[in-house]
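Several structures are given next for inspection.
Two complexes are shown next, each including chain A; its partner changes from chain B in the first to chain C in the second.
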Partner chain A sequence: MAATRRSRRMAADILTYFVLVSMSLFCIGPIAWMFLTSLKLEADIVTQTMQYIPNRITFQNYVAIWTQSSFPVLIGNSFIVTLITVIVCLATGTLAAYAFSRYTFKGRNTLMLGYLVVRMFPAVMMIIPLYVVLRSVGLIDSRIGLALAYTSFLLPLFVWMLKGFFDAAPKELESAARIDGSTRFGAMLWIVIPLARNGLVASSIFVAIAAWNEFLFALMLTTGQGSRTWPVGLQLMVGEFQLPWGVLAAGGILSILPVMLMFALVQRVMVQGLTAGAIKG
Partner chain B sequence: MDTGSHLPKTGMIGELSETRYWIYLLLLPSLVIILLVIAYPTIYGMAISFREMRLTRPGLNGWVGFKHYLVMIDDPVFWVALKNTVLWVTFAVVLELGLGFIAATALNRNVPGTGIFAVLILVPYFLPNVVAGHMWALLLDPRLGVINDILVRIGILNSYKAWFADPNTALAATIFVEAWHGFPFFALLLLAGLKGIPQDLYKAAAVDGAGPIAEFRLITVPMLKSVIAAAVILRVISLVNSPDLLLILTGGGPGDATQVLSLYAFQTAYKDFNFGYASALSVVMFVILMVFAYAYIRLSKIGRE
Partner chain C sequence: MATLSLQNVQKSYGGLQVLHGIDVELEDGGFLVLLGPSGCGKSTLLNLIAGLDDISAGDIRIDGRSVVELAPKDRNIAMVFQSYALYPTMTVERNIGFGLEMRGINGIERSAAVKKAADLLQISHLLDRRPANLSGGQRQRVAMGRAIVRNPDLFLFDEPLSNLDAKLRAEMRTEIKRLHGRLGTSVVYVTHDQIEAMTLGTKVAVMKGGYIQQFADPQTIYEKPANMFVAGFIGSPPMNFVTGTLTSDGRLARFEAPGVRVEAPMSSGEIFRAKAAVLGIRPEELKIADVTGSMLTGTIDVIEPTGPDTIVTVRVGDQAVVARLPSRFSSKAGDGVYLRAELAGLSLFDAVTEMRIQL
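And now, the complex of A and B:
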């Protein structure tokens, strides 16, 4: 009896590893292939027989995308748009998340639901009027305009995610500070926010990754070098110049580096926050 | 007010926070932004759908009532796109849910090394659409695609296949790419759901002599119901709304084989600058989505808790 149970457990473990390993390969394999491609000479990519391990390794694709295209400008624009988006979310969303987490007031649930329903609006439905509005106030093709457009769908997400982290922060210290004579604002600023700083970092990074990766709004709302972000730039380069595969792969790898870095930095906290926010939503 | 506190003084804002307006002050900044960049554009967007608005022909302007909606009824592309949207969303969600469930179950067994596997499995979800799209275009390329090469080598295919150019395989190929990109989302949510099931339930079931299949059917599925329902609805919304991947992989082609509503609406706005018709298309899309969401929430009873 014990023996069969142990062997059954063993079989289950083997099956588990089999599933985990094959799924990881399925997830990482394509990215690894893109990385290998970025290290190949174009002649070795366009060959009769597939080279699984590159015969020659070159970094010229990376040099090419960085020096012979507007890629650095695109990356710079993306960086600024992302930064503005995160700052706006942090400044306004933190307050709202705190209010939702700590106070009960009339219309609270409706309002929170409203923040969520907002995400159901089709992007296209938002993009057209945003285009018209931003154009009329001179914010089309501007980094601020694009960042504002991003807050339209990222701010609600930020609020929901951060509320989960505030909910998890113990209320006792806050009450103690209040009894101690602190104002509500003081208690929030000096007690609750420091307690939830992991959540603030995780929610900000989540918003940052989404803004960094965003493609559709950027395609419609940017028209020139002044504000064009890297996803749009890369896409247009493919269309206009018949970008060689190696260079395209190098661009892809370069542009996901910041994402992977941020993800690696906070993956544990973020995974918790993501699940907490999404489940409650 | 600050007299007894050891914390730094907070000045006027501190004073304000003691009044009954405090909650509204906290909510105001985000509300202003949301009203400005969401509510106003949304209402405006709905209004545009009843107007003529083409940036290429500024002379055309003014209210046209339901004209765009009537045109839509006779627009064959609209119906093809509607059909493709249903196919694309249904198959993508089913695939992602299946893969996500397998991944979550495996991760939930907590064998040594689970942490690393969890991170690896999550990576596709954070990959930008633009990169994911071009990466898969390379992997499935009719001349250089490594997947074609592997399939030929192991004897499944006779020759390289142009997955995205063949109307018979284009939609399936894009669904496959989407599943790769989106299944980690389900894995993540379902894993959280699985962790929330009390272990006692399984112990009690084991005492009663329930096998793994009975445990799965009688405990796991019912306990995960609300998580699955929430994950499905969130995913359906984002799948219906975002044409990014299709825009990059196929642009709706070949012909209209991969044309979906969101992409059709976007191209009508981006290529033709026909804002009126594009708005009407997205309003219809939104209404369909709302009706679906309402019916789905009612049927799955997640609204009840």
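And now, the complex of A and C:
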């Protein structure tokens, strides 16, 4: 009896692992393939018989993409756009999330719902009005303009996420701080934000990753070298310069490195962040 | 030290009125207990006094000065919360000193003040710890330390002992009473524990549904409850309510029910003709009597010895009456029994309005 139950449990485990592993392989496959390609010599990439593991390893592709193309500029632009997006979200979104979490005011729920509705529409729908708006204020093809466009659809996500973390911070702590001599803003700054620190980091990283990887808006809202970000730049290289595949793969790997770093960070922080609010007094 | 005066204090959340015109006066150095069942608006009232929430109507005066326009930090009050609300990221020392820090008191003066408060509460050895590494009783002391270190005009306590176990609760209750005697600062203390109310308060306000049911000193609340709610809320086991009729000729009042007959002289001169009334008798007022002096006649239903005394449930007519009698109690269930009480220990209520009838 016990044996059959154990063997049934084992079968279920095996099935679970099989599904999980095959799905992981499916997801990681392309990235692994890109990574292997980036290490190959050009001659080894397009061959008669498929070469899975490179025979000869070279870092030439990495040197090439960094020194012989506009890639560093693209990365720089991406970095600046991402940074502006995160800073704007932090500065405005934190206050908004705090207000949503702590104050009851007329239209509060409608407003929160409105924040969600923005995210309901596909990006293609938003892009034409956004284009028109940005052009009329002269922010087309600028990094600030692109960052503002990102903010328009990332801020709601940021506010909703952060509101959850603020909700989890006990209100009595703020009350205590306000009686102890803080203003409302001071209580938020010194008591609530340190408590919701992990949530703040996690939300910011989500926004940063989304801004870093974004393609469609970047394609439509930038036209020149000065503000183009890496996803668009890399895509254009495929057609424009007939760049060798190995170099492109190296560019891809370099571009997703920051994302992988941020994901590692967010994973650690999220685990802490979700339990941090539970600590009482 | 300060007086506190609440004048027609009202609070509504949207369309929901939570407090309906609260009037309370607390003398300098007094200890006001707000007592009532869950949801009656005690915490709301405390938050209004603290300024954490805005008052809808009325006035709050501390030392004669209206504070309704002041921010919490400018009211010179200190508050102890039910959850203690210690800052989890700070050490005990910084927790206690945070109020002084916010007010720009320099480090040396601050540590001296923190040390003094910690000594008073016997938590000096905990100053370097964080709240997460403290026991419930220790957190409670730190929370008190944070309150007393600033020398406020007024202490506000919101059910400070409700998270402690029974033994620790009794200990801290004594501690709070000692601290109050020592510091002499006025206190507003929220609780739904009637023992805390009776032992600590110089004034007790019994609340229900956003109204004050009675505001008086503990003795009056206990002996002369203004209505049946107050009478039933205070005391354990609770007051017995016997329904019957009240008749009077203006000089002598007589309450009658099956197995019950009580006569008392009256001074109000009011005439009652078999008015439906409720007689309130506290279990501890009841004593064994002989036939001649008895007020209640019944049979013993249940006997529960508790050690110091015996709780006896007696069937009187078709009603049950609980008496707290001495432990040397010899009768057994099924025996007949006669009971009496001092007239001063009895209360009479109108059966319809549930308000006290003054004879």
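In the analysis below, the second predicted complex is superposed on the first by the 263 of 281 C-alpha atoms of A that agree within 3 Å, B and C clash if a C-alpha of one lies under 4 Å from a C-alpha of the other, contacts with A are read in each partner's own complex, and residues count from 1 in each chain.
One rule holds for everything that comes next: a contact is a pair of C-beta atoms (placed from the backbone, for glycine too) under 8 Å apart; a residue touches a chain by one contact, two chains touch by 3 or more.
None of the values given here were measured: they were computed from a predicted structure.
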- prompt: Can A:Ile127 be said to touch chain B (first), chain C (second), both, or neither?
  reply: first
Message: Tell me the contact category for A:Pro170 with respect to chain B and chain C: first, second, both or neither.
response: second
- prompt: Taking the superposition as given, does A:Pro194 touch the first partner, chain B, the second, chain C, both, or neither?
  reply: second
Query: After superposition on the shared chain, which partner residues are touched by A:Asp180: those of chain B (first), chain C (second), both, or neither?
result: both
Statement: Per residue count on chain A, the busier partner among chain B and chain C is B
Query: Which chain A residues lie in the overlap of the chain B contact set and the chain C contact set?
result: 177, 180-183, 186, 191, 279, 281
Query: Once bound in the complex, which stretches of chain A touch chain B?
result: 12-13, 16-17, 19-21, 23-24, 26-28, 30-31, 33-34, 37, 45-46, 50, 52, 88, 91-93, 95-96, 98-99, 103, 105, 111, 115, 118-133, 148-149, 151-152, 155-156, 159, 177, 180-191, 209, 212-213, 215-216, 219-220, 231, 234-235, 238, 245, 248-249, 252, 255-256, 259-260, 263-264, 267, 271, 274-276, 278-279, 281
Message: Quick check: in the complex, which residue numbers of chain B touch chain A?
response: 1-10, 13-18, 22-23, 25-27, 29-34, 36-38, 40-42, 44-46, 48, 53, 99, 102-103, 105-107, 109, 111, 113-114, 117-124, 126-131, 134-136, 138-139, 143-144, 146, 149, 180, 184, 188-189, 191-193, 227, 230-231, 234, 237, 240-244, 247-248, 262, 265-266, 269-270, 275, 278-279, 281-283, 285-286, 289-290, 293
- prompt: Can you list the chain C residues touching chain A in their complex?
  reply: 47, 50-52, 71-73, 77-79, 81-89, 98-99, 101-103, 131-132, 139, 143, 146, 150
- request: Report the residues of chain A in contact with chain C in the complex, numbered from low to high.
  value: 170, 172-173, 175-183, 186, 191, 194-195, 279-281
